[in-house]
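Shown next, in structure tokens, is the structure this report addresses.
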Amino acid sequence: MSDPSVSLPPSSSTGSSSPGEIKRILETALLTSQEPLPLSELKKLFDEELGADILRRLLEELREDWDDKGVELVKVAGGWRFHTRPEMQKFLDRLNPQKPPRYSRAVLETLAIIAYRQPVTRGDIEEIRGVAVSGPVLKALESRGWISAIGHRDVPGRPVLYATTTDFLNDLNLRSLDELPPLEELGTLLEPSENMGSMELLPSP
Amino acid sequence: MSDPSVSLPPSSSTGSSSPGEIKRILETALLTSQEPLPLSELKKLFDEELGADILRRLLEELREDWDDKGVELVKVAGGWRFHTRPEMQKFLDRLNPQKPPRYSRAVLETLAIIAYRQPVTRGDIEEIRGVAVSGPVLKALESRGWISAIGHRDVPGRPVLYATTTDFLNDLNLRSLDELPPLEELGTLLEPSENMGSMELLPSP
Amino acid sequence: MNDFLYPAIERPVARIHGEPLRELPRDLYIPPDALEVFLDTFQGPLDLLLYLIRKHNLDVLDIPMAELTRQYMAYVEMMRTNQLELAAEYLLMAAMLIEIKSRMLLPRPVNRDEEEGDPRAELVRRLLEYEQMKLAAQRLNELPQAERDFGLMQVWIDQAVIKRLPDVDMDDLRSAWLALMARSQANRRHRITREQLSVRSHMSRILRHLHGHKFVEFDELFNPTAGVAEMVVTFLALLELVRENQVEVAQSHAFGIIYVRSIGFLAAV
């Protein structure tokens, strides 16, 4: 296809292989190699002595051949290699679902506390968790749009009150907070203890 | 390039993606996967519901697009995959002098018995070969992913039953066990002069 | 093909005093030095028998048992001298050959069943089955094999740094809460009292409603169409807010309009 565009000098040392054939072999080798291939490796593919300039020119042509594909030929530190174009990632991710990132326990517990006990202050969360709540934890949830500050509690220091948002409900596929797993049910999943006994609820309204 | 040749029905459900774009995504996915991809996996690449017939047609077109390349698109037991054409191997070997293990006759005979007589126990294999099957022989085939234990035979000792895997078919470029080379008919083995003529036998004493 | 079936015939069988031995001696006398090499070329007694039969172009269906057994025994004798542990299967085969031979020497019963045919039949069946598999193994080996005869694609998937946000589902919340409760059991300072979720959520709703207003009429906070339970919960939420000092409820005169005002109003928003 692009063979005619290769204007090798008449004294070319490509021997028996045509430029098209050389490109075909280069392409095959590059598609099947896990590592980037430097020119020195690519030269080994051929019986004949191929100059670095000729190889480079053919690689450039090959790169152009792949211009409108989902895969591109690039030169990286270790040599030449094919890799996927960024816009292909979203498709490929559907085949190899990566392990989705997880929020830390601190974030999840904080979210759970805000969801169940809203509106709450940072102090409330710390009281329940028994440890300080770091700024990034609340920040992560705020920037996700799952919690928001909805006011201040009128106590000294006027701490911010947090509550969950509609986005939180939407993202968790809930119609309302009532659809969160009921706490009574959660209680039964743990060994009963004295402490748990004190957690009996008010009768339903 | 070959987009115009795709005559999708007007009521096609390909949604926003053009056939060319679909092929581009299919090609990218197949080039990045060492494992064959079945249609069911390939479908996952797309938001829209793509019919198996449309996918198959586009895959056929893709196969034709690669006709004059050193790499070809083929269908094996596990699905579709690209692999290098046999004539490319001599070049690739120059980059990768390390060849995969050549299996001993013990391994190959064991593999043949499992492939043609599956499911079989170690005892079955020993019965046919007339010698004990050593642990490493089965281990070699198992670690290559070509055989696996698929159960037990319900006899005293409950020996493990072995069968070949899809990877075995894939690695041998086969779509199903039916494509294994046919067994030599026992009848032809009975005529030593014809069948064994090529074996340069010494004349009878 | 030959190479696969009988590699020993092609390559030197062994080196004896530096001299390559290219062909097995016809009488099967095997120099002791070469025995190990020779042994490696056969997969077992069936393979050796098959070799003897094919080599001498014997009819499998009409094996001259005496000759075959004699040759086989000569071979096994060699083996016994230094590789007895390897010879067990060969000895077993020798016993079988001798048994077949002796049965052939016995006069045949006049009314013999079909099953009691030629005593060599079972041996023939095994030989043929083995040979069939041996050839199948060879064919399998001739099939193109991934990595050996063709390569697979390894195009690098360039992972652009697209930030993926973690997903959270109800199970995550459930287990987070369980973890909290489990911890609170261990650490009794932090008592967790359970409350009705709906009260809490209505507290948030009311605070949001008050947001941006100086006062809101008490009635406005209730949605009569939502049912009695909803109204009671809203009321409880309001009471809770009052208790927590977050709202102020005021009524300037009896039966007048009740106003609700947020105390901790978030000025910034």
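By letter and in written order, the chains are A, B and C; residue numbering begins at 1 in each of them.
In this text, contacts are C-beta pairs under 8 Å (C-beta built on N, C-alpha and C of every residue); 3 or more make two chains touch, one makes a residue touch a chain.
In this text the structure is predicted, and so the values were computed from the model without any measurement.
S.K.: Just grab the chain with the largest centre-to-centre distance to chain C, centres being mean Cα coordinates.
M.R.: That would be chain A.
S.K.: Which chain is the middle one, judged by CA centres?
M.R.: Per-chain C-alpha centroids compared to the overall one single out C.
S.K.: Quick one: chain B and chain C, Cα centre-to-centre, how many Å?
M.R.: Those two chain centres are 18 Å apart.
S.K.: As a quick test, compute the distance in whole Å between the mean CA positions of chain A and chain B.
M.R.: Going by mean C-alpha positions, chain A sits 33 Å from chain B.
S.K.: Suppose each chain is reduced to the average of its Cα coordinates; what separation in Å results between chain A and chain C?
M.R.: 27
S.K.: Going by the touch rule set out above, which residues of chain A reach two or more other chains?
M.R.: 28, 31-33, 71, 82, 84-85, 92
S.K.: Hunt down the residues of chain C that sit against at least two other chains at once, touch-wise.
M.R.: 151-157
S.K.: Could you pull out which chain B residues touch chain A in their complex?
M.R.: Chain B residues touching chain A: 24-25, 27-29, 31-33, 37, 41, 44-46, 68-71, 82, 84-85, 88, 91-92, 94-95.
S.K.: Taking the complex as given, what residues does chain C use to touch chain A?
M.R.: 151-160, 162, 164-170, 172-185, 187-201, 203-204, 207-208, 210-211, 229, 232-233, 236, 244-246, 262-266, 269
S.K.: Which chain C residues qualify as touching chain B in the complex?
M.R.: Its residues touching chain B are 1-2, 4-6, 9, 26, 43-47, 53-61, 89, 93, 126, 128-157.
S.K.: Looking at the complex, which residues from chain B come into contact with chain C?
M.R.: 28, 30-34, 71, 81-86, 88-89, 92, 99-100, 102-103, 105-106, 108-109, 111-113, 115-116, 128-132, 170-174, 180-181, 183-184, 186, 189-190, 192-193, 196, 198-205
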